[in-house]
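Below is one structure; the comments refer to it alone.
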């Protein structure tokens, strides 16, 4: 393969720029030409494509977001849009793509691969919701961002002896809540994969208060089957304890990526361009333990994941 | 004066612990005994009072929140509650108080002073809404916390070319929005002191987009006379640009205080104990320019403030 | 086992407190009594031992350093000292120990185990120099601290177009330099495991300058076989480029642990108390991939490690 | 005035970019053309000058360093160099300059003003060593960077019960040491303006140890009349306490500027372009209390400053 493209798609995540840098510099090192595609599939259809060189990716390693920008593309959802994308790649002579994004973006890549484009999928999402990889690019940064917010909230929560419900991102996957909950010392962690047991939460709140605990932090993923507002009101009603809400929102998406996310992104992206250079079929690149792994793209997206029950149990034991 | 007390009241703010440390160590240095009163006026009425020594305030300088905790006290709102507080102080032999809190807390101090207790009020609030002082303890930290959130949000906002409305604290006073807006490079700043001009915001959004701006950050104080939800929807409708909301909430209250807030708190608290030691009447301690100043407590609370129009104009000029 | 002790030894590392917390709460959860031993082996010999409860480890999860403190102990190097330590444990009825520390500390644990004490070793060191585990507790935090310093230095280095040599910790193991180097985008990484090739460094500096690079960051582990001073002078002489030195020192040891270090510490420490509770022999607990693993203590300490050549190659490719 | 230039000179400081942004956008707002001069006086002599527009300064507000870069210029030290600089400005039609830098850089500006160029000097240096202004651009950021390092070092210092001497920047002016010392809770602060009293330091160390203090932090400005090495050895010898050294170096120069430094830079730079637009003579712009002030350039540079004795006394009282 001589010419490849790189694009980012879907919600951005910290470390996408590190992945772009590694894909570009890695591709050039391996003797390929590399093109940046602006605004994901939307830019691909529109031909927002330009060649990148070593300097195109200077001083981006530490930046959040994505210099290639990202967008949702209605047009790419259609066969017609995908054909148009394929034609555009042909007119630039681009044979393979590195696609950095979440589940939906990689599914888009799978669609494109059916039109004869070789696609290397990289898991770029803070949600850690891709079953084929232990960790996604951006997850570690996001958890650390939540930790920093938890630390601030604990200060004020302790001063007032109040309960605070912190809503974090995660529609279907509660990993941000789970990891930030354990490492932030949250008293209760609520994730979409497990139902809400109001009695258990109230019990823990009351026991904590009786033991003289100054604060009570509940970390709740947004996808949990009870609104944060309703939860807070119910807890207040049942325990009589003042209960406040903080919705962290988009601050979880940004920020300079952690060392781990930069490393993950760099290793995965380099593996992706190596695979393209070797003439591999379409693959999804991930990490298993400390090893970079890759699977047939369609297979990877069919895998099912579950949350880590041991981590949840440990969180419960340690937050007594 | 031989025995004094320290309490924190109302919403906590970063730097309160630095103020407590300076009051305690300063008082001891000046030859006085010093008592900590737990949970503000509530603890004062209940006699949650204990003597502090040099080590009581070790390793608290860098901590957010307040080790003396804080609470709202309904009981203290009544004359009866205030008398009870006065009696409690008498039974401990405490003649003077350092009270660290916002407008309401200092008004409580003024009430208490009318029962014969000498009160030194310190402006402990992130809101910067006390007219008698240029800056309050916690304001600088809070603005820097907002800046850090703005930085994260700008990453993701740029990647998506979207508009984000960031709601910050400030019911009556827009200083957090104003200072974080100018220093965070927000395109628009909305404060309670000034009405919302929807047309002006839309114009700026459209002009920015036409000039190729990747992001548009609007910082809005919570007290502005239009809900953040309504604002975002109106902007989206009128400009057709995707508009997201982030409500920063309680993360603005916590966090390790900045150097400036620690300095401010230390200097003000030491001045307060000096005044007590010298037998001064009740005063409010503040900063004017770079000088620590103090006013008769009642007079201080009568002063009116306005927002800094020059800062607003400058923000407008620089965010073209 | 009914009674266990916890101690930290050697240089401290971020995450030790998270490990202490998990050991204490985990042990209590599993029905054991748990004692904290102050100042490592020195305190063990002196009987600085006290029972810990759930509240003993409240609000320490996010703190750097170790609440149990640490010390070097000459006395424990001798058989006599070790016997004394064993007797002290007997007088408290403590049968097993969780020891958190680096190579030397775990070797001390191995010595103690020969006197009939069951020892669970946890890798608590920023150096990542224990062969039996992929990562040590504190390494991730330390690398992120270095990254943050690199970011600051890059600002000023770019403004002056100068070369900066940053010396980081690592006497025998260059992992901090290697990981911070790749993720910080350092132009050159020097580790003790590989010799210094002055010509290669100069070549890269000159090529970078010719390509218009504004800065040149060299990250060098302290254990490299050429002093930082000599290196900087040699580079300046040969290339004519201004070359500055920054020695990061002890800031790498402190700081609030990252999410990853807290997770690692919590999981490892809980495994250690589980093993003690189950009546296991002495083991070293580590992580392999994403799995918590454990080895016979003596075997673990005999393993040999090498640096990750793939990471080094990747760093080289990406820092063109 | 219709055409002005902006340059940064000397050591860089955080906030210089905020000043450049405000000068450029402010000048354009006021109807002037504005040119950026690369690499300070060196670039001025060489004609590295290009026109800037609103977008030239997008997304630089939060960045450390200076996008205009800086350099020392031997050539500009000569009358001939200054004449050459003046000619270069004439050939571009530039009548006035905004110069952001420290004492030496502003003296360069004064020299240039004698050749008929109107110069507005802005205090851009972390050292806070310019007498005519209460604070310089970059000082607040630098103090906060030192605080963050102190916090890390305290963790490890407490764990080992050791003394640490932290050397910070400041050749003639000890303000970084003084402000970071007070706000970081350092036990001892050593500045060039005051001699070293070894006995006093030892006394404090021993008294602290006897009172059970876990750590002892000494913050020392680099310009103090005793080397850090010698100091540490002397203290160790006299007290028998382990004493470590950390030299913070260039990390103090970089980093994203604090809100306060961005505000200071923005206000000062806008005032500078206003003065140019009004046809003012050469001035030095500074801050006095909370007011932006300006003085005749030569007069400003003749002023003498002293350290703040009250702050030093307060630091001493609070660090008992």
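Should a chain be cited, it is by its letter among A, B, C and D, assigned in written order, with residues numbered from 1 in that chain.
In this section, a contact is a pair of C-beta atoms (placed from the backbone, for glycine too) under 8 Å apart; a residue touches a chain by one contact, two chains touch by 3 or more.
These are the chains along with the protein names UniProt gives them: A, B, C, D = ATP-dependent 6-phosphofructokinase.
Because the structure is predicted, anything quoted here is derived from the model rather than measured.
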Set of chains whose contacts include both subunit D and subunit C: none
Repeat of the C-D interface, chosen from A-C, B-D or A-B (over half of contact pairs identical by residue number): A-B
Where subunit B and subunit D are represented by their mean Cα positions, the distance between them in whole Å: 28
Mean-CA-position distance for subunit D and subunit A (Å): 40
Separation of subunit A from subunit B, taking each centre as the mean of its C-alpha atoms, in whole Å: 35
Contacts with 2+ other chains: residues of subunit B: 151
Overall pattern in which the protein chains touch one another (line/ring/star/complete/other): ring
Residues of subunit D defined as touching subunit B within the complex: 18, 21-22, 25-26, 28-29, 54-55, 58-59, 61-62, 134, 140, 143-144, 147, 151, 179-180, 182-185, 211-213, 256, 258-260, 262-263, 266-267, 270, 288-291, 311, 314, 317-318, 320
List of subunit C residues in touch with subunit D within their complex: 8, 11-12, 14, 16, 63-66, 69-71, 145, 149, 151-161, 164, 214, 244-255
